[in-house]
Amino acid sequence: MLAVSNLVMRFGGLRAVDGLSFEARAGDITAVIGPNGAGKTTVFNCITGFYRPTAGAITLTHRNGEKFPLHRMPGHRIATEAKVARTFQNIRLFAGMTVLENLLVAQHNKLMAATGLGVLAMLGLGRYRSAEAAGIRKARHWLDAIGLTERADDPAGALPYGAQRRLEIARAMCIDPVLLCLDEPAAGLNPRESEELNRLLLRIRDQGCSLLLIEHDMGVVMRISDHIVVLDHGRKISDGTPAEVRADAAVIAAYLGEGEDDEVEA
Amino acid sequence: MDYAYALQQLINGVTLGMIYGLIAVGYTMVYGIIGMINFAHGDIFMVGAFLSMIALLGLAALGITWVPLALALTLLFAAAITALYGWTVERVAYRPLRGSFRLAPLISAIGMSITLQNYVQVSQGARVKPIEAVIPGGIQVMNQGGFTVELSWMQIAIVATTLAILAVFTWLVKRTPLGRTMRACEQDLKMASLLGIDTDRTISLTFVIGAALAAVAGLMFLLYYGVIDFYIGFIAGIKAFTAAVLGGIGSLPGAVLGGLLIGLIEVFWSAYFSVEYKDVAAFSILIIVLIFMPTGILGRAEVEKV
Amino acid sequence: MTPLRDAFLSAAVALGLFGPMVGLLTVSGEHGLSLELRPIATAVIVGLVFLGRLLVLSWRGRGRVETYKTNRALAEGIAHAGKFIAPVLLVAAVALPFTGSRYYVDLGTLVLTYIMLGWGLNIVVGLAGLLDLGYVAFYAVGAYSYALLSTTYDLGFWTCLPLAGLFAGCAGVMLGFPVLRLRGDYLAIVTLAFGEIIRIVLTNWVSLTNGPNGITGIPRPTLFGLRFSMEGGEGTFAGFFGIEPATIQRVIFLYYVILVLALLTNWVSLRLRRIPLGRAWEALREDEIACRSLGINVRNTKLTAFGMGAMFGGLAGAFFATRQAFISPESFTFIESATVLAIVVLGGMGSQLGVALAAIVMVGGLETLRDVLSFLGDQMNSPLFAGIAGQLPLYRMLIFGLVLVVMMVLRPRGLISGRTPTVALGARKEIAAELVAQGRG
């Protein structure tokens, strides 16, 4: 469903991503792994419209066959039309707003459409009331899913770290994505929280949303991914099922820093 | 006459630009290190101009009339006292707000600006203060069709002094330990403090140096125009800040370049279009530059961290 | 450092600062400028700094912890009392004209104008987190729109009011369109430049605006077609109700006009916060990048905030024009922008009540100060004060500037700094100021 082909992203003289191609299949959890500085987050930023790639194409295909050229769509339309949601490596919640408000902001476009240019909603008329009630119902659904219903009225910035991670995922899910991109969702989590996260991600996948994740925690990656793409120096060095990747000599070399050929390539 | 006229404007523009550049350096230094617009900096410049005038008059009263000596002493006196003003402003109005929310120091700076303006108005009166030309005369560069291009000694003195001061300043920033700590703080204030740099002291010194440069600009302004009042700091301040932004805020050569550009734009616009709209021209160019080059001319391009 | 030594050092610094500036007065004489010594004034100031520093040090030494606690308690107190203060203020505002005092009604009108401006700018700065240093430009656009429309096309206030708001809003959108992608202080300086551009154009476009001389004879508003004129008779307020015509009737009417306009601004902002648009503004203030990832059109959302704020500025401007019956570019200087911004920040960004309180304190205080100073000036007959007495009113802005600094140092987050959630499953809990962002735009 997501096809990245010949993606190049240059910052000045540095080629952060250098001719990368891979595919993520619908209904899969695809993990992008690689050593630090391999260009994983840059790929994410290209997919979600924060960077415009120097060259190459990123195409997303919905189940109904509709195609979206993500490499040239403006950022906000990638979320609203192509339905790609993401989280961030350093959590970006609306810290001064409550948990519930965070989840309602995520449904902005749908709720906004129900406000009749704002005027009717301001007067308390029109469809807005029911739309907001529906928005709150959806927020509750995700609050239950991530176990934060009790804290719905607390500011997001006051939550513990693990809860903030989960909330960010729930917030991304509130835009009803077909593809959810997670940038190191397990970073900083303790084993128990990590286990909860795994369950949450599998549950999201089973609901029909595809996942793309960057992760350093190999425990998480190997346990839940259906497909792994390994990057090093902005290029793909391996691609396959967890078992295949684990057996790949190039991956081991990249992670252990062996192999002079690496530097020759660079 | 056309070339001659343009040449004269070029000379005037560069002179004015030097003054803006000197003020702009103060803005850009403070912005580079603590990321705030020091709104009171324009008024520090005005205070420097007043102190220069007081010093000149005082020296005359003491019988020191040899112009080079009088000017040198004035420069030192004005720079020293203005630096003290800069230090005090930082200590009183900005340091307590360090690490606070971003708008509090801005409002505090605006308050300081209002305070300084009215302080000078109250202490020295609201009327404009004219002084006689300190260095009269000049050289006639060329004469074309009855239009004489004149390069006054004053302009030469202003440009020469400014360049000399900027050279010393550049040396200070590039080659001395003080400059190194300043640049370290600019890169990363928290890290610099973790590495044992006394950041409070460095920031204070930044204000002191910026104020001293503004005092030099104040003296130059006084010499060039021969008349000052308590309100000159506001407009000059906005234009110098515009210059700093135009050149790329945080960049010292950018500040001087921006100052020169603003000076030239202002002078040429006044000469060829209308005096009334010279500031509109400067501000419009600022807006246009920022739209197409959001980080200014010499500013570092920012890659958005996501 | 012992307090005494510290105080001596402060006094030495003060001597360096004030010695030349206060101690040496430049006077214009026949032979150009000369200097005059003022040793006593300098000595007094240096002495005051010495004593002041001693006092501050001893006060700090004794009650540091307690001050922190009282500060905290005060903040919570204000937040809790907010529920009662707001209705009390409202009742007081409605009842004010019944005092019958022209002075209070005029002062109230002035304060309400600033409250309205503060609430308007609060949408931009407090909710959307966009730093606008040129808000006065939209105030000017509104004022000149009304003045020109009414004097040129003979249109009435109530027809022009929405037009003035519309023009100012359009000006906001037009300025915002290219510049709103700039961030932080770049936006601040561009808006500041825009404010100055508008003022310079108003000053120099003489054929349209009559330049620095301003526009006179701007018509006053009517009450359902009834004029407030001194002749009485048919078609006037006094004539219709069969009462003696008096200026105070018009003054009071204007007061209620601005009260209604201000309350309208308040009501609209409060409602806006509770709909998706307002929530998106606040989200933008918290984290723009996250907003983009959620599919919020950042540019349009910013534009609506900018345009909405500008519109209220324009409405206030139209009111200003009709109240003064005369406007000139002098009324639209940077100091106005700075005052309104100070009101918003001091109020505690985003808090409606805080903005109102800050406007009352600052504008009311400034006016009271004017009277106190001129009263004091009149009392100082002794020759000892000869130099100061006449100048005393000039100290007003000096004190204003110092108060701004002191208030910011004492309460950097403003009077009411918490945030009330816009929606809740259970009870709404105040959000501590430390968590709320101030925006980078």
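A, B and C are the chain letters, set down in written order, and residue numbers restart from 1 in every chain.
Keep in mind that, in the parts below, contacts are C-beta pairs under 8 Å (C-beta built on N, C-alpha and C of every residue); 3 or more make two chains touch, one makes a residue touch a chain.
None of these values were measured; they are calculated from a predicted model.
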| item | value |
| --- | --- |
| Most widely separated chain from chain B, with each centre as the mean of CA atoms | A |
| Pair of chains ranked first by number of touching C-beta pairs | B-C |
| Whole-Å separation of chain centres (CA-atom averages), chain A against chain B | 48 |
| Chain centre separation (chain A, chain C; CA means) in Å | 44 |
| Centre distance in Å when chain B and chain C are each reduced to the mean of their C-alpha atoms | 29 |
| Multi-partner residues of chain B (at least 2 other chains) | 304, 306 |
| Numbers and ranges of chain A residues touching at least 2 other chains | 50, 88 |
| Of all residues in chain C, the ones touching two or more other chains | 289 |
| Sites on chain A touched by chain C in the complex | 48-50, 75-80, 85-86, 88, 92-98, 100-101, 104-109, 111-112, 115, 118, 121-123, 128, 132, 136, 140, 149, 152-155, 157-158, 171-172, 174-175 |
| Contact footprint of chain B on chain C as seen in their complex | 13, 16-18, 20-22, 24-26, 28, 32-35, 125, 131, 178-179, 181-182, 185-186, 188-190, 192-194, 196-197, 200-201, 203-204, 289, 334-335, 338, 341-342, 345-346, 349, 391, 394-395, 397-398, 400-405, 408-409, 412-413, 438, 440 |
| Chain A contact footprint on chain C (complex, rising order) | 268, 271-272, 275-277, 279-280, 282-283, 286-287, 289-298, 419, 421-429, 431-432, 435-437 |
| For the chain B and chain C complex, residues of the former touching the latter | 31, 35, 37, 47, 50-51, 53-55, 57-58, 61, 77, 81, 84-85, 88, 92-93, 96-97, 100-108, 110-127, 129-132, 234, 238, 241-242, 245, 249, 274, 276-277, 279-280, 283-284, 286-287, 290-291, 294, 304, 306 |
